[in-house]
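Each chain carries a letter (A, B, C and D) given by its place in the written order, and its residues are counted from 1.
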Amino acid sequence: MNNTQAAELIEEATQWWSTEIIDMKPGVIRFRGFPIEQLIGAISFPQMIWLMLRGDMPSAAQASLLEAALVSAVDHGPQAPSIAISRMAVTCGLPLNGAMASAINVLDDIHGGAGEQCMEMYADIDRHMQEGNEIAQAVSAGLDAFIAARGKVISGFGHRFHPIDPRSPRLLGLVDEARAEGTVAGHFADIGRAVEAELERRKGRRIPMNIDGATAVIYSELGFSPALGRGLFILSRSVGILAHAWEQSQQGGRIKGPMPTGIPYKYTGIPARDYPRK
Amino acid sequence: MNNTQAAELIEEATQWWSTEIIDMKPGVIRFRGFPIEQLIGAISFPQMIWLMLRGDMPSAAQASLLEAALVSAVDHGPQAPSIAISRMAVTCGLPLNGAMASAINVLDDIHGGAGEQCMEMYADIDRHMQEGNEIAQAVSAGLDAFIAARGKVISGFGHRFHPIDPRSPRLLGLVDEARAEGTVAGHFADIGRAVEAELERRKGRRIPMNIDGATAVIYSELGFSPALGRGLFILSRSVGILAHAWEQSQQGGRIKGPMPTGIPYKYTGIPARDYPRK
Amino acid sequence: MNNTQAAELIEEATQWWSTEIIDMKPGVIRFRGFPIEQLIGAISFPQMIWLMLRGDMPSAAQASLLEAALVSAVDHGPQAPSIAISRMAVTCGLPLNGAMASAINVLDDIHGGAGEQCMEMYADIDRHMQEGNEIAQAVSAGLDAFIAARGKVISGFGHRFHPIDPRSPRLLGLVDEARAEGTVAGHFADIGRAVEAELERRKGRRIPMNIDGATAVIYSELGFSPALGRGLFILSRSVGILAHAWEQSQQGGRIKGPMPTGIPYKYTGIPARDYPRK
Amino acid sequence: MNNTQAAELIEEATQWWSTEIIDMKPGVIRFRGFPIEQLIGAISFPQMIWLMLRGDMPSAAQASLLEAALVSAVDHGPQAPSIAISRMAVTCGLPLNGAMASAINVLDDIHGGAGEQCMEMYADIDRHMQEGNEIAQAVSAGLDAFIAARGKVISGFGHRFHPIDPRSPRLLGLVDEARAEGTVAGHFADIGRAVEAELERRKGRRIPMNIDGATAVIYSELGFSPALGRGLFILSRSVGILAHAWEQSQQGGRIKGPMPTGIPYKYTGIPARDYPRK
């Protein structure tokens, strides 16, 4: 390799990790162009989240709506696998970062993807409307497509535990207020409610919007991509994951399995047998 | 097992996962006693973080100081291992939760523990002062103990990249304002500055307080345990980890290693040899 | 809850974690029925892997073929993201378990799923043959279906680095020997070679079978499910991930990013700007 | 940056990821100098593990002893946190790599470090003997030092479930055979048994050597570093973690928490209260 090739490779290497998010020089840190020392104390944590993810600065009203969604989804109790894993991890000796990692990892399609999937469905319905369909038709088509792709459990609607999820009406109420103030258009709130109505029509009983369906309305209203719906949920749920890891570390306990050891598991396999000696 | 024993086991099982954080019944979700629907839209995300971790509700002024610290530490660029791992993970096919998990996991003692370690040193110095020592003596004793336990790199002071970390003076300025308003006592700001002065006296040059030393002042002023200093840092840095994972997913790329493939690694082991045939 | 309901719940809880893999009583540990003390020293590690995953005990000849595949895929150097992550994690303070976790996590669809995807393609081709098609037609149909679903990069064939992957001919040679001895039928070796031939016919140049394509032949011959192809790859690659984590811990280094700090990254975002004061 | 500096940086970058483990050129893959195609089919998986971790090739007899230890520790049932986490992760939507990552991560000091800690104690006792002490004195001093550093639970001895761990006598028996054949010196088997005897003398009842104590004997006899005792345990337990993840994926289930939902958790925090309206 000659020196010219080396210079080209160095140039390629600097591009390898290129980013639009952060610029640093000795003594200088800028996020999306803004010096960090001008942001500290001036913007809220939700505004910083938005700036980092999207590059522009949200208004205070937009940030408040985002903040409400972030506040709403922090935790769903120790029976949630993510929370249980965080607590179990601490009893295995992990520090908070490790416990949070093992827990956040499981916020995957089934346990952490409902909001994202619901946003994709809302976006699909929105596309049908932009093509000239009435909302009822668009919702019906969107639901059919969702069911064909993912099955009968509609992400964002219904709850195995809560008949009415107390977070959803409150979040939708905030969207209505924001619509009245001109912060958001309210279009995805309409879509969400129309999905709820269509589900009731089809099933003959109410399948109410849950936390994932309601935060999906907010994130869609604010213009986030569906994939970031999952990302924002993770930022929110990380708070509960941390709180439970910390509480477990204060409670103590070593190598805590899922149930008290007095409750055994059931072996259902091949009965006892000898391994043949040679 | 008879039925009475079963009932005792069930009671034990309900205790197995006991928590003071969240109470749920069908249709009811309460955090530290408060119904979630009363918190949504009423409190900020940093207030929710505080409530989850500590059980009481911070004042708006306390929450603002916490918020400034959370805003300050979101990212340190793609050369930070945590950020690089998040981006590499995306190019391996991981969704955002998985990329964040692999990245958050490495915020361990060396890459994520400096703030916690600095809080422990501040707390140690504080104990020396409560025992009647002047701040200068307490700082000297605390530094000596830190160095004996952890070596010469003082967590929270000095930076391999920034001569002056632009975040630190801004954060300390906010602490001074909060002290003037009676929000915090300012005791740990005094300690932090005294550590900086003592380090300069010992080394003959300035080893300025960095982001970890400054957030450690804030978290200590607000009464957080040192271990939660690491936890709060993780919540903050998670924003950057998510933002970079998301940016990488938009950039594309498959199985991106640490450097362009044109730059090889160096093999320094046993020279080529044959494995003996039987 | 009365005592009868408690007994029913306990029964449900014992079922919650039911397994056919391991049975334990105080002083007794049986895997798939066999007492562990009869297996230790009597069976090989690959036989144990097979027993755990499938419930039956492979012959020595079957286990040897599995062993060859496990030996072949342990490592692909520090430029592989999984290996690089393992090494970076160690410099952040993680113990071996944490470094391995962050690394194994990224063996996802793109970085760890090629073998599984190739096995699915082989199985699809096999189904076409079972429906009465000649191998050439079956391969053509299977390739078309693969490309329609996953795009033009055919998992298991071609390599960005090795013109001929030295592991593949050796592994296929072992399959041929095992076929000659009656250990395997050789059906999937035929399929793999026919895919290679069809690819050459279509592209006009050789796209040779790589390590993933060759281990996919072996795992398919041995009757493993495609998903376990990924699992077996992870068991194999874990050895390299551990070895590199260990080597890095001996080399030392703190917070090692992806490149020497002398090589910067490139900022490509919004130019420097001030954040407006209120 | 001029071209000469670029060439120096490239040289530094190639050193950044230097390794003695693997050498690759197009068409060539060598581990510790040996071409991979000569190793495949010629050496066992445990021999490959040894070669990767240590650089030399073990004899067949050494590899057999290592193999027995690897076979012995694959699983300890679904009540073990690592296994439970692997299964829960699958029900959250994770693929096998992700489930294994979340699970392996928790094999930390408490859940995965006992073998390593026991090896460190054995090594400490060995140092006392090399300094001229009789084994009884060395063991007593080593135990005292262990207890002073880590508390009264002696890693490698005693079991909360098994009165006698059936794996330990079998593993020690294999060490005795290997000693008789000259494969190992048997020195650490003597130490392990002397620890057991001393514990019985101190406690007045037998605290038998468990699986961690027995594999620690084997790994110490074979000359592995204590830290690799943890690494080898992880390679072994990964088999069980994979097997349970796979079984769970076949059983199905969505978002399975630690216990059936009919068993609630207990809320022990602040009673219900309203959040004050402004």
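Heads up, the rule we're going with is that contacts are C-beta pairs under 8 Å (C-beta built on N, C-alpha and C of every residue); 3 or more make two chains touch, one makes a residue touch a chain.
Everything numeric here is computed off the predicted structure, so don't read it as measured data.
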Separation of chain A from chain C in touching-chain steps, minimised, is 1
Of all chains, the one whose CA centroid lies most distant from that of chain D is A
Larger contact count among C-D and B-C belongs to C-D
Comparing which residue numbers chain A and chain D contribute to their contact, where sharing over half means same and under half means different, the two sides are same
Chain A turns onto chain B (C-alpha superposition, degrees, nearest 5) by 180
CA centroids of chain C and chain D: separation to the nearest Å works out as 21
Dist(centroid_CA(chain B), centroid_CA(chain C)) in Å evaluates to 34
In chain C, the residues touching two or more other chains are 9-10, 13, 16-17, 19-22, 24, 35, 39, 43, 77-79, 84, 94, 98, 101-102, 105-109, 112-113, 161, 256, 258-259, 263-265
Contact graph of the chains (line, ring, star, complete, other): complete
The chain A residues in contact with chain B across the complex are 9, 12-13, 16-17, 19-22, 24, 26-29, 31, 35-37, 39-41, 43-46, 48-49, 52-53, 64, 67-68, 70-72, 74-79, 84, 87, 95-98, 100-102, 104-109, 112-113, 161-167, 169-171, 173-174, 227-228, 230-231, 234-235, 238-240, 242-247, 249, 256, 259-260, 262-263
Counting only contacts in the complex, chain D reaches chain A at residues 1-4, 6-7, 9-10, 13, 77-82, 84-85, 88-89, 91-94, 98, 101-103, 105-113, 160-161, 254-259, 261, 264-265
Counting only contacts in the complex, chain A reaches chain C at residues 10, 13-24, 30, 32-35, 38-39, 42-43, 55, 57, 94, 98, 101-102, 105, 258-259, 263-275, 277-278
